[in-house]
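Let me give you the structure first, and then I'll get to my questions.
Chain IDs A, B, C, D and E follow the sequence of writing; residue 1 opens each chain.
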Amino acid sequence: MFLAKIKGNLVSSQKNYNLVKHKLLITHQIDIEGRLVSNKDIISLDLIDAGIGDTVIVVQEGDAVQQILGNKTTPVNTMIVAIIDNIEIKE
Amino acid sequence: MFLAKIKGNLVSSQKNYNLVKHKLLITHQIDIEGRLVSNKDIISLDLIDAGIGDTVIVVQEGDAVQQILGNKTTPVNTMIVAIIDNIEIKE
Amino acid sequence: MFLAKIKGNLVSSQKNYNLVKHKLLITHQIDIEGRLVSNKDIISLDLIDAGIGDTVIVVQEGDAVQQILGNKTTPVNTMIVAIIDNIEIKE
Amino acid sequence: MFLAKIKGNLVSSQKNYNLVKHKLLITHQIDIEGRLVSNKDIISLDLIDAGIGDTVIVVQEGDAVQQILGNKTTPVNTMIVAIIDNIEIKE
Amino acid sequence: MFLAKIKGNLVSSQKNYNLVKHKLLITHQIDIEGRLVSNKDIISLDLIDAGIGDTVIVVQEGDAVQQILGNKTTPVNTMIVAIIDNIEIKE
């Protein structure tokens, strides 16, 4: 699980039918000070109605997302599970 | 899940019997501007009738592909699940 | 599974409902001499009441955490499973 | 899933009993032109009677191999699933 | 799956109760000539009574270890499954 910022979204007309009703967002991994860790474009399913610019937690895990969507054939394994308000660090 | 471009396909006469009827494509990871991220050759099962040159979403996840194919013994964990028409980015 | 030190915690008001009652900590991977291996911020679910500064074992594995929490829809795959007291090395 | 070339095999007298009857091969990842990508030694279970020097597809996926072997306790997650005859690339 | 050498063991008094009776060892990945590939400290559950200095196969796979231990809530995904006596390479 890692921190990420939401950068954009994807438009697709031809996709697996299990993905038709779901929003897919482009996320970039960041560190706890908000700096970009990598500009690898990670595509994530949105589970919590997040928007562009939000700081979120991204999880890479297949089984849970399929259980949440109630459909074992949804071919997705990356999802946004929380929006972060604050980070407390002890140096 | 990541963006990729389809580059070629593989011909194999000796393979696990669960793979016999499926198309295996070579994909390269790209970024949201279409630039190559890595020239690692990622072999992906085609679930949506994609063709060479298409921009697609690739998912690495074993359980879902086996559920979709209705066969728990298919030894595959990488699949093409959507063709991308457009990408919307907010800078 | 790897060694890590706990660095901080995350505050989130909008998250998947399965995560509401759980503590999420920020961990950094270390080596057996306590040196930082990477400053990648790894978000981990706390299973053993660990605190900031502790040396712990972090496991990345989805199924077990869902079984432990008794809930197959908890979207989590990284957890803290032990606090380390001592490390014995034979050179 | 990736392309690999088979380099050697392993001899072990003390191993988990589920592994006793299976052949374990050393594979090296290659690209579509047959060049070495990494000299990381990846240990793979042979499912299709491949031999040293063959170009093969390697899959890293735990569930399928256990289903194929009919044994949920076989501690293996890397397998050789096809021998490649030809690769078609469109530049 | 990869080759590793066992370097040490971990002592922990506060851990998840499923881990209480199991031996956790520190392993380092090596190549087929016995050279260190990475000094990343990988923590592995011992399934075959291996000792410090042994050359072993390490597997990263959650489901199998939980089936072997007969306990779906054991939070472990890395295990030692074989001790290597000999490696045969064809150049």
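The rule is simple: contacts are C-beta pairs under 8 Å (C-beta built on N, C-alpha and C of every residue); 3 or more make two chains touch, one makes a residue touch a chain.
What you see is a predicted model; the values in this text were computed from it and never measured.
Asks: Show which chains lie in contact with chain A and also with chain E.
Replies: Chains in contact with chain A as well as chain E: C.
Asks: For chain A and chain B, which third chains touch each of them?
Replies: Per touch definition, common to chain A and chain B: zero chains.
Asks: Would you mind checking the shortest number of contact hops between chain A and chain D?
Replies: Shortest path length, in steps: 2.
Asks: Can you give the whole-Å distance between the Cα centres of chain B and chain C?
Replies: For chain B versus chain C, the centre distance works out to 32 Å.
Asks: Once you find the CA centre of chain D and the CA centre of chain E, what distance in Å lies between them?
Replies: Chain centres of chain D and chain E, defined by C-alpha means, are spaced 20 Å apart.
Asks: Return the residues of chain D touching two or more other chains; collapse runs of consecutive numbers into ranges.
Replies: In chain D, residues 62-63 touch at least two other chains, as defined above.
Asks: How is the touch graph of the chains shaped: line, ring, star, complete or other?
Replies: ring
Asks: Name the chains in ring order, counting from chain B in the direction that reaches chain D next.
Replies: Read cyclically, starting with chain B and passing chain D second, the order is B, D, E, C, A.
Asks: In the complex of these two chains, what residues of chain E are touching chain D?
Replies: Counting only chain E, the residues touching chain D are 1-3, 31-32, 37, 47-48, 57, 59-65, 67-68, 79, 81-90.
Asks: Using the touch definition from the top, list the residues of chain A that touch chain B in their complex.
Replies: Contact set of chain A toward chain B: 7-16, 19, 24, 26, 39-44, 52-53, 62-63, 66, 72-78.
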